[in-house]
């Protein structure tokens, strides 16, 4: 069958996947459409709740440096040395290259 | 032993070049370091083609002596030409960096990092 | 008649056009743009026709300057003396990527570079870069490989520093050029070592003579380190975010293909040049470790980036890791026929399939980033927001590209990553689990870009993106979706021949030296 | 602009430097040297004039746009000659031993050398020579221009 890829362990077909996705979507739509139609999202009910603060529309946008703040904070002991290595100094770039060259030479040379 | 001296010289040149590249902070000195490495590699190539008691491979002067194989010399020449182009390009970037940053110290030219 | 000369034409035509471009620019800018796009389109057609030729008839040998095109060994010679172009499945696979990427890059450049000055030099360098990539991929000669490597280095760095008004561009170009030159010099040193021992520069001749002495090991180390640096493997990756972020967007897309040409160099050296003698396990593990480091450090650094193109550049490093992992596993089990047939070859197919997928979706992502920078003039994600209101097309293309790079079905990234996961799992489950984790982090960081740049209220004024830019992005999206829906056709037709070409190095040697 | 002594010596020397450079380009297929070396010698003549007279004087004598055109022509000629051989193969030496331009057969043994040999090689030497002299000349000029512009600020 066209579109079926052998992946070494099993099979993968994007067309079947799309087909099953469509079936799932139909089921979901059926459940959605059988729900009540009386709820109206107008007035205060439709607004996002921002901990009771009044904010202008521009302020509600989450800046990219605030996203994953917890993740980077938790992995601070990993990120601080890693960022410290990316000095942007061309001498350091060359030293890393020489270090890797030495390691590869030692490993490939079978020492 | 004396025949191996050029090989020792080219390794020394390469190591000196790498030293310059790693420890010198001036942009022009970094370019000089690159050129030192390049000189070492060129010396290595030209030494490979050396053969004692033989003449230069010029066709119209062909005598009874043996000729040196011209391939390593052609390789070296190509490498020199490429080295000239890269050096010119790097120096132009060094000029531009100096114009924008007002310094030639590599440790201060670090707007791109992290 | 034209069929015989295809490899030379594919390198020669962009080179000829490169030197003609400054003269045509004197007449008219529009004519020059049409000329460049036409030349790259014609090259793409030639590459496709050469691809059919190679897949039908096997390895294509072209001898420069000989009495006939296939005459690699004139009578009385035991080794080839001329420069030979040797095109096998892997070479043509890489050439397809390079030509597609260069073609769409030129189309995208039309509008993207509209306001810049010095466009004649830009297009000249673009064509030289393309010709250099073809040269690296087609050549059957180690020294010629070095020459084309340097040609691509010089052209690429000039293009990285093209915007001389920005100090950062010059800085990135300087750093990149220092590393590129150093890496290429070590490659030249290795070529010298090989030449000194075996009196040959031709890859096939060298491969048939190589003994794997101590000096050969040194040469192998120099070649792998130098080329891995140019491919952007961690920890020699520091130039990648600088260069990719500062180059104009279409050039960044071509730089990705250029890095992959160096990746091709590693594979050619390990599989073909040293293939018969190498201790494949050690070198395979070196490549796997480089790949794992690249994957993990690349993606974790990408998560904390604030600039849109710098973030994508770190992802390029991370995705290079997948290719190194897949092909490295294949190399590690090369001498073990059972393991090779049961999962090694599949892992290589996954890695190689990932090369073409990565070139397409990462190219698309860089083009969308270029569109964002073009329309807003801002690079920092913190200053962006709500772009989806105005840039509807770019948003859709970004979603496609992001889903493909994160490995979401049904896009092409999923297909190649699935092959890599399943086959690498049989080799070593730990590697496969790391690869999956990296994929999750990739999705997370693209969710961040999507949320902060495209969603939210409109906070900045933007102009509309031009039509040629949309056209180039649309074509790449179509390719991505087609590859995602029918991955089996791609794998069977172009990926499997490439993997087989790498494994069967005897064929590569026999094409030059006869049945030796 | 440098002192009178430097300028006088430059006036005497630069013509012979140019002639020597073109000699090296022309005899590329017979003696050591060739397109690149000859072009570099010619470009060193340009550099000498540049140093002696300064950028402001020389920029009216040597136009960068002309050098750029010359460079393109050199590159085009090189690849064009390679393409001319495509009846047989790319880079085929179709002029060698043909009896026409540069077509004499090469004499073996000790002899003064015949300029009219080697087929397309002299043509390629000239193409490379043109390209290198124009390229290096414009590199030197542009660097002088760039440094000068930096000083003004």
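Each chain carries a letter (A, B, C and D) given by its place in the written order, and its residues are counted from 1.
Just so it is clear, a contact is a pair of C-beta atoms (placed from the backbone, for glycine too) under 8 Å apart; a residue touches a chain by one contact, two chains touch by 3 or more.
As the structure is a prediction and not an experimental result, all values here were calculated from the model.
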item: Chain whose average C-alpha position is farthest from chain A's own; value: D
item: Comparison of A-C and B-C (more C-beta pairs in contact); value: A-C
item: Geometric centre distance via CA averages, chain C-chain B, whole Å; value: 28
item: Centre-to-centre distance between chain C and chain A (centres being mean Cα positions), rounded to whole Å; value: 24
item: CA centroid of chain C to CA centroid of chain D, Å; value: 35
item: Centre distance in Å when chain A and chain B are each reduced to the mean of their C-alpha atoms; value: 46
item: Per-residue multi-chain contacts in chain C, two or more chains; value: 174-175, 178, 182, 242, 304
item: Residue list for chain A, restricted to those that touch at least two other chains; value: 83, 86, 88, 90, 94
item: Residue list for chain B, restricted to those that touch at least two other chains; value: 21, 30, 96, 109, 111-112, 114
item: Chain contact topology (line, ring, star, complete or other); value: other
item: Chain B-touching residues of chain D, taken from the complex the two chains share; value: 30-32, 36, 40, 106, 108-113, 136, 139, 142-143, 146-147, 149-150, 153
item: For the chain D and chain C complex, residues of the former touching the latter; value: 68-69, 71-76, 79-80, 82-83, 85-86, 88-93
item: Chain B to chain C touching residues, read off their complex; value: 14, 21, 27, 30, 34, 37-38, 41, 44-45, 48, 71-72, 75, 78-79, 82, 85-86, 89-90, 93-94, 96-97, 100-101, 109, 111-112, 114
item: Touching residues (chain side chain B, partner chain A) in the complex; value: 18, 21-25, 30, 106-107, 109-114
item: Contacting residues of chain C [partner chain B, same complex]; value: 143, 147, 150, 153-154, 157-158, 161, 164, 166-168, 170-175, 177-178, 181-182, 185, 188-189, 191-192, 195-196, 201, 241-242, 245-246, 304-305
